[in-house]
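The two complexes that follow have subunit A in common; it is paired with subunit B in the first and with subunit C in the second.
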Partner chain A sequence: MVEHTLIPEHKKLNEEDSEKILKKFNISRKQLPKIKANDPAILKFEPKKGDIIEIIRESPTTGKSLFYRVVA
Partner chain B sequence: MNYIYKKVGRISFGLLSPEIIKKMAVCKVVTPELYDREGYPVDGGLMDVRMGVIDPGLVCPTDGKKLRDCPGYFGYMELARPVVHVKYVDIIILTLRSFCRDCNKILITEEKLKDKKRTRKELLLFLKNAKKCPHCGSKQYSFKIEKPTSFVEGDRRLSTIEMQARFEKISDNELSMIGFDPKFFRPEWTILSNFPVPPVTMRPSITLETGERSEDDLTHKLSDIVRINQRLFENINAGAPEIIVEDLWDLLQYHITTYFDNAIASVPPARHRGGQPLKTLTERIKSKEGRFRYNLAGKRVNFSARTFITPDPRIRFNEVGVPLVIAMELTIPERVTEWNINYLRKFIENGSEIYPGVNYFYSIDGKKKKVTDGTKEQILEELQPGCIVERHLLNKDVVVFNRQPSLHRMSIMCHKIRIMPGKSFRLNPAVCTPYNADFDGDEMNLHVPQTEESRAEAEILMDVQTQLISPKNGLNIIGTTTDAISGNYLLTKYLKIDREEAIDILYSIGVKDFSNLKSTKTLDGKDIFSAILPDNLNFIGSSKEKKDVIIKNGKLTEGVIDKATIGEDNGTLIRRLYAVYGEDAGIELINKIFRLGIEILFRKGFTSSISDTDLSKDVLAKNKEKLSYVENKINETIDDYQKKKLELLPGMSAEQTVETLILRQLNQLRDKIGENVYENVSEDNPTIIMARSGARGNFLNLAQMAAMVGQQAMGESRINIGYKKRTLSLYKKGELSPESKGFIKDGYKQGLTPSEFFFHSITGRDSLMDTALRTPKSGYLYRRLANALQDMRIEYDNTVRDASGKIIQFNFGDDGLDVSKTEGGNVNIQRIVREVKANV
Partner chain C sequence: MSSIYEEFSNIPESSMNEIKELTKGMDQSSRKKVLKRVSEEYEKAKINPGEAIGIITAESFGEPGTQMILRVFHFAGVAEMSLTLGLTRLIELFDARKSPSTPLTKIYLKHGYKTDVDKVKAIAASIKETKLKDISDEFSFNLTQFRIEVLLNKKEMKELKITETHVVNVLKESLKDLDVKDDNGTLRIKPKEKDSLSGLYKLKEKLKYAAIKGVKGVEQVTPVKQENEYIIYCTTDNLKDIFKVEGVDETKTTTNNPFVIADLLGIEAARKIIIDEAVEVIKNQGLDIDIRHIMFLADVMTNTGVIKGITRTGITSEKESVLARASFETPIKHIVNASLIGEVDNLNSVIENVMLNQPVPLGTGLPDLVATMKEDAVKGKKK
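Moving on, here comes the complex of A and B:
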């Protein structure tokens, strides 16, 4: 199912990249949209609470767009 | 005024204990009588003056204040027997289930409580299912609510006295375990033994013209309660049999229940003598007619007017025609100064009956006076700088104009007044689009701002000319429409006009400088159009038919003006004028173009008529030929299908294939006939002119009128044959022929056969039903969406965040574009490059 075309690519960010994203938007983890730890699309990363997931989506306006979610 | 400057730190909600009810009361109500023989409120009655005064002249004995200043005070009633409060039934049953019936301890041991972390919900579920008290071991029964206010334990009905006794024994500590704060909430308080009587001021009586008093619904209900309560007291004291006491008790319970809520399903509503239900406490607050939605979320406003709208293409876009009668009713306050005193004196001399006059006058000490023939002389004497005069509306006053539903910001715009005879608001047809108005009986609202600040704000933010570009896509929502487009199209394409007439036309639309006009004897239409354009305008665009439109130094040198340049939504020239010359000059130019278009039609005449649809004999013959050719081909297809020789289309059954093929051929036929009509109609056919210029209609409309209406479709398919296997009884069962499934081979002018007419009605009714059902649905969907998104905003880093700062989208629309600055969502880079180059 995770390979389905309608499921966008998910990536787990490492500690350094996570901090970069938080700094870029000047926010705390609480202000990010959430994703469940048992979401099938990220199960393979064995996510822990507080991990930041990068989602690369197809967008009708820009082709590719980045989205971030925090594991809750 | 004594203002209190304090911040609210905390609010706690709780129940009123019987002691508090007694303590906050100013009197005890003991008699259902309201007034004595002199009409004075009875002491200890429901209208007791200690609970506030509602009659002018009376002084409240509690605070010594008069009518409008006295806020009113609660009284109380001692109930003969305690009674359940309907709104607390849920809490009562919950408390009954959570504590032991014998030892009144919580039905869980401390070990078990510590053992596992539970939410309140889980804990309550556990307590409800306890079969035995863990402390004293007594058996627990199941509880049921016997609607609306009785409680049954096992199969025995509990009396309110019993329940109160049980609740009183519950310890504070255990109460807080199920989430109640014992300081503000004791379960025994959910059962009323003292009853608060609300202040008279919240249930005022009305004095009718006849001098009769009519009491508020609440007072009626309260007097029922007092009466039954007193009877219950008397019966108990007289030692009446238990059955009678029980009956009265139940009656008291009924009255108190309906006093709180008169719309409970299992309780018959209490009624007036006339039979209409009483409006008691809950109904006062609830739903659309309740306090919140009726009085707080929406209010009646002063200085507003409403009437039906009619069109007037001769007024400006940003004007609104206001009937004289409305202008004499609505006013604007003007402060008298030494500079305007003589100007305002004339208004007062006119009085309130002669326009332009004054309705009210505020003297220097702030006293309001109505201007009448009697008071006029005295007011003129009092007139001095510092007074305020409420004068009638004048031309060019600023007003705010609105049409509901106000779905976007262009639904409320600022207009300048123009006083007119008649009874309707007049508006320029070009501003119908932003308001989504038409003239089939629409009404609109008008509001008059009362201060300088509000007028300035309205002009800067809401003027029609500031709303030309729609924020949804960056296109112009206001442009010229219908006749104004065909007029300009005719002018720039065909017309040659004598110089004198040209000057006459231009003058009548407000052009006074003719130095731009060529000095030849006859003028080309393009020259006349150019005369209203500024000299420094350069513009390259394309017409509806994709030909170039070029304006060089304010002269239209090539192309025709049509919908693509001056129309609504994508009028390229409109947007250019607006961008180059700004809001005020821009709208003035667009206005002139509009006026020029209709002025041409006023003078030249323009009518679409039945003869527009006349076709020559050979065109008709050709159409007939095409029709029979296609009919034959369709018959072949049907034949093939019946002989099962039909070649199937991919992914379709034989039935689907034959349907698809027939439908395709019929649609091709209609298009071909449309082409045939279009090619053989003269250039100056008014219907064609309207279609070509984009003013109204299209070629298909003409073809449907002149030659053939075509297939009537329901959804994507032809009209269904249904369960009886045929559409009408004159066809064979299972027939597939075009005419039996809604193909109309006649045009509207020739007239439809009865069965064609029937099929046309089917699709007509279907689309009517569809729109009627869809409008409210999509409206509600939009409302929910707007409410859900209302506090989102775009921050400076282009992220979309909600009110709490949570990120909803990381880059607005993924591309960070402000759509209101684009053209239909696209950035026209070519144009920007061209313009920058031209400026360098």
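Moving on, here comes the complex of A and C:
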């Protein structure tokens, strides 16, 4: 699998957690930033359209920071 | 112990670590007070909904950019390598040009390679692209036999560790329909089908630039010692082939072309490289732009899952509103297209409302009034 210091940790959220996130931000899937289904960093999850990917970034300002992308 | 930190989960990790460090030796209740204050201050420091952060970013880049403009064409970097710096590079980066004007790959090496000078040199030599003309002394025609004869430079070949059989095999593979034979240091190359004289001449030119060894497109390779290890800089963005070279640490090696990174490592890695490159350029110029602005720009550029530049074909084309798109560049094209397909503009954003002399949905213009009427009041009115 692709491993690189530039790639932050990616995680596929299950249905329950996805709903939680959408509720937390009060948005629909359409409004999330997107990630391609064939993105090398998420190939291992065999992503389907509409899956929400949680990205754990190492931010220079806040340390660990969470970011979400929807598979498009 | 940990529960008191969980209560203030809005405080970011880095600040939390700082507090933990600073409140060492404090008792629980005063630590809680500190956390509460920090939590409050953090909420206050957050950007308010409706704040026009785009324009703040634009201004933050614009002002130092005027200082950068005076020192654009500087050549610097490692060893004799030239690098585009300053405003030119910044524009190139944010416009998302497909390939940078000076591609550069920074190769990190694996354990067992990175401290050994001889191994580093060997890897550097194996990466550099060697063409047939680099290892040969003379190209000549033999018209009676209708073939090309190439006199190989044995000394050069020995240095680069290339054998005659290797050259013959590579040529046979890369250029089809050729009859290649090695005769004690002279290659006899004959096209299988009889060709015209000009065809033979074209073949000679092709042969000169036939790749024998190395990674395609690598012209310059410079090993550099950094701290305790060697790093190899090379002028290419062909990361895919570099990863295949033995000894290269494919978990650290990077290039300055975000598109290549996006293809190989994904959009998040591309976002990171955009930030790193921009920070590097700005730092090199002795300027200081808050990294949050750069992170914001990189986020916008990678929002759609692919890299989009800050241009009319990039992020501006993603805008929903016709009028917003028309206000940036090529207005007639956008308006004509929109009228042809019957596009609707909901006037949700800023610029289209400015055009129509309406309040913009920004800052205090953003919130709408929502009131829940008491039931009696509604009833009373009806009476």
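Simple rule for what comes next: the second predicted complex is superposed on the first by the 71 of 72 C-alpha atoms of A that agree within 3 Å, B and C clash if a C-alpha of one lies under 4 Å from a C-alpha of the other, contacts with A are read in each partner's own complex, and residues count from 1 in each chain.
In this section, a contact is a pair of C-beta atoms (placed from the backbone, for glycine too) under 8 Å apart; a residue touches a chain by one contact, two chains touch by 3 or more.
Since the model is a prediction, treat every value here as computed from it, not as a measurement.
Here subunit B and subunit C are compared by how many residues of subunit A each touches, and C touches more. With both structures placed on the common chain, the touch criterion links A:Pro33 to subunit B and to subunit C. Using the contact criterion defined above for the overlaid structures, shared-chain residue A:Ser65 touches subunit B and also reaches subunit C. Once the two complexes are laid over each other on the shared chain, residue contacts for A:Phe25 go to subunit B alone; subunit C is not touched. The residues of subunit A shared by its contacts with subunit B and with subunit C are 33, 59, 61-62, 65.
On subunit A, the positions that touch subunit B within their shared complex are 25-27, 30-33, 59, 61-62, 65-68.
Of all residues in subunit C, only 12-17, 250-252, 254, 261, 263-269, 272-273, 291-292, 295, 299, 302-306 touch subunit A in the complex they form.
The part of subunit A that touches subunit C in the complex is made up of residues 2-8, 10, 33-36, 39-42, 55, 57, 59-65, 69, 72. Residues 797, 799, 801, 805-808, 810-811, 813-815, 817 of subunit B are the ones that touch subunit A when the two sit in their complex.
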